């Protein structure tokens, strides 16, 4: 299970994965390349060749942000923006270790400046911006840098009436930035508003897991919302809900398939068709007369 | 029961009351002044004195349009508009008798030109327009004249950024005008749109019964929606729903109280407080700075 | 038919003839169509003829929304869900490319076999279906995509949950939404245009009916049950309220009739789709030059004027 | 406190001093308030002080939204329902007259006794509550009514149906709605400003906190459970993420602090309401002259700028 317990009646914006250890970043199996559904084990290159989808059973493994962009963008077209931005530590936050230390460790481990990678790209020849989150950077949590990079991607695209393709994978707001993390919700919502009011488009892809503050902000505001099969895409996590309500949850609680049935997701798209689906949407959203 | 049967799978826009005989126009008791809830019987003046609410049990008897206006408007302020409009008979409709004959009979019986009465008025000193429907004119059904009078009331009020108080009581669209009756839905919706876009206000009161095409058009578009206790305010009638779904209906199916609980009505207002509630809303909607 | 309606059609013919050379083949096709329509209207539609159309409109092999979608559109992407409670399968909504331009399509969807009929609820939408329609229209409006609606429903679903979730309000708001749009809209009744459930998505700049479609305030059976207390008198009811395209055109409730292949649309769905395509493109081209405010204003004025009045 | 925040406050003080004579008593009250706030900020808030505020913010006798409504507003009319599925009693919405002007008020509502707590779901709203908020805001926007929101929730309800009905999307859309409004908006955290459920209705031109309110990204208990696997370390968590008004002001997340009577708002609800009233009127007066586009632009710019960044 993904979610930490909190006392009933109190809300967890689901900050960080219980098993945030990157060696277990899918949170489901014992080894990152062992399929939690069918138990098959793969070499890393094997999974890379199948877009990290289990050839046996179709389980969708997590995808890191750079690999996600490589899967979606036309070769050589990705041009990262705002790479120089880093989180500050306005609260001088300290739990088991200082936040600044956590940030430094995460950057060393993931080779990313924060939990999102943004930049220009082309998909099947259509120019756009991609904003891909990375769950292995502090559970994909959203702090000032995630908010800022996402907002800048929207702003630059708004100037061109363009399209932002966002791929979310996040445990929610980043607790270590306190109330400023919560403020990334209205900040990204404002950016989407500016983009959409300028005639631009947000294509929102929900990967496993998309929860908490990201679900309660930009990820839910896509002109079109796609989700990957089996992705947990909820606001509150299953464990919090189970503890608060003391009810048995449906087996597919919060999963993409459930959210599709309940009307929150336009399509559940298998990874092998994600690129072509986005290309189709890019053609359509470029085609107003 | 109010509703005629139709074959399952076919929709009845609930044209006319089964007991459209005006002597039984409440559709519930044996005599119009016998309370269907508690069985008390009243002389007509007695009921007029209590706003046609049963002093014993609070049952709300139907109110004819002129009496409704007298209950709500400041004495002497009502000034009828569009009194000269009458329904034509574009389809030359003939069922058991010709439509033109039904119209003439209804006018003779009710002393109304059609199922709605509209005009200028003041409520507690606040100028507004009132559009009050009358169920005893062909079941309060909406044809071209109901649509036109209502639309004109909205248009004239829009010019002044004013308030229209509508009191609905209708079995739905008037079958005898065929597709033109259906077109009164978008017609009145367009009129409300023009009113609201011009800064005007629609205060919608749902009296027993408000069903079919009126529920599916202007009556549901009030800036504020009030309903009288016990009023049936549904789109499809209970009998049609019961026959189509073959399920037992909840006891309060389609009633004002149920629609309040389900979020479709702002308040269920007893008749003795309707005038003061409307007065308060008129003060509020006149009070933007 | 009435002199007024004939005069109206003649007016339009005259206008179209005048500009024919400017617009090329599409308008001349439109011209021929109107001439054919006029021809048909001259022979007053008989009761038998009306009932035949009721039967054709409900024919179990008649093409449904998705049958046209697959024939008319490239790059179809279906939108799902009302973002609130469910995805109502009785209404289909999506984006696609029609003749190179992106359009939003919203249509009722009936089922062909028993299983699909259940999934589609016989094309009878719940409030969630109308809410899906509304959000699709708002999406299209924001992006400037014209909207095509395909109307084919016995009516809105008369269910317990449907009422509890606000069927009447959803239908009213869908109409209000359509009357606020700044993009061109064309509605086509392709089968049964049943009452409030139909008009909810039919408040368009141009409202068309296929030749064998019907558009009704109440089903013939429902009407018969109320007036004669006998649902079997549906045929009599149909001739009384005249739900066929010719009469709807005569009453100026619709703006044109889309021809069908001989025998009806089901006899040759490809041909029916081609005729529909031609008509949609002609009307969308016609509307393309109008500014959002002008579209809104004239759309409202059109519906505002519907009805026939007398005076004392 | 940081030099920047102090400089910012000093700037505002200087500005206010300069225009004091033009605006009369209200601004001088505002001035005094900011001076008091600055005073407090100078003594860095201790851990004990922060926890005391957490306890006061949750005090079972603390005034709730309707306690202020009855003290602040004339002609209160409560709006009910989301026009879709239910009336969520955890959020109250309505119209009333504040100092002679009609305003819309939207606020979380906790319950005072067991029964009302159940009805109000402890002030934890479902998506339907946020949808009621959205429709109320749209109503106010159409009529030019300023909007006051009162924030007091442990957070959005974490329930099965809440997720199924789109809790995350509803919170996102409520924020999007607030960022699109053309009327003045003032949000006041009057108790617990718990996470997404709070910010959903707090995206305002002016965001204020009462002196003993808290505004948090996660409850102290939730934070402690995650970081130290021990919910009892809530106090430690609270001092780590500093949810008190002074720190929120320092981080520029809020625009001002509304003073409370000695001992906290519950000690004298009438006095607390009077102080709130004064503050609301001052801010609404301040915003009254701004055009809709300017309000929208500057509101978006304010939230767009939130966060603290470093560069490599």
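Per-chain residue numbering starts at 1, and chain names A, B, C and D are given in the order in which the chains are listed.
Following the convention adopted for this analysis, a contact is a pair of C-beta atoms (placed from the backbone, for glycine too) under 8 Å apart; a residue touches a chain by one contact, two chains touch by 3 or more.
Quantities reported herein were computed from a predicted structural model and do not represent experimental measurements.
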Count of contact steps on the shortest path from chain A to chain D: 1
Which of B-C and B-D has more C-beta contact pairs: B-C
Inter-chain centre distance, chain A versus chain C - centres from mean C-alpha coordinates, in Å: 41
Geometric centre distance via CA averages, chain B-chain A, whole Å: 51
Distance between chain centroids, defined by C-alpha means - chain B, chain C (Å): 29
In chain C, residues with contacts to at least two other chains: 83-85, 164-166, 169, 173
Residue list for chain A, restricted to those that touch at least two other chains: 262-264
Chain-level touch network, classified as line, ring, star, complete or other: other
Pairs of chains found to touch, sorted by chain label: A-C, A-D, B-C, B-D, C-D
Footprint of chain D on chain B - complex, ascending: 196, 199, 201, 223-224, 260-267, 277, 280-281, 283-289
Interfacial residue positions of chain C with respect to chain A in the complex: 75, 77-87, 95-97, 100-102, 128, 132, 139, 142-146, 288
Chain B to chain C touching residues, read off their complex: 4-7, 9-13, 15-16, 84-88, 90-91, 93-96, 113, 143-145, 147-148, 151, 173-187, 189-194, 212-213, 215-221, 234-236, 240-241, 244-245, 247, 249-250, 253-254, 258, 262-264
Chain C - residues contacting chain D, complex: 83-85, 127, 131, 164-166, 169, 173
Complex interface listing, chain D residues touching chain A: 122, 124, 154-160, 162-169, 171-173, 175-176, 178-180, 194-200, 203, 215-219, 221-223, 225-229, 231, 240-243, 247-248, 251, 253, 300, 303-312
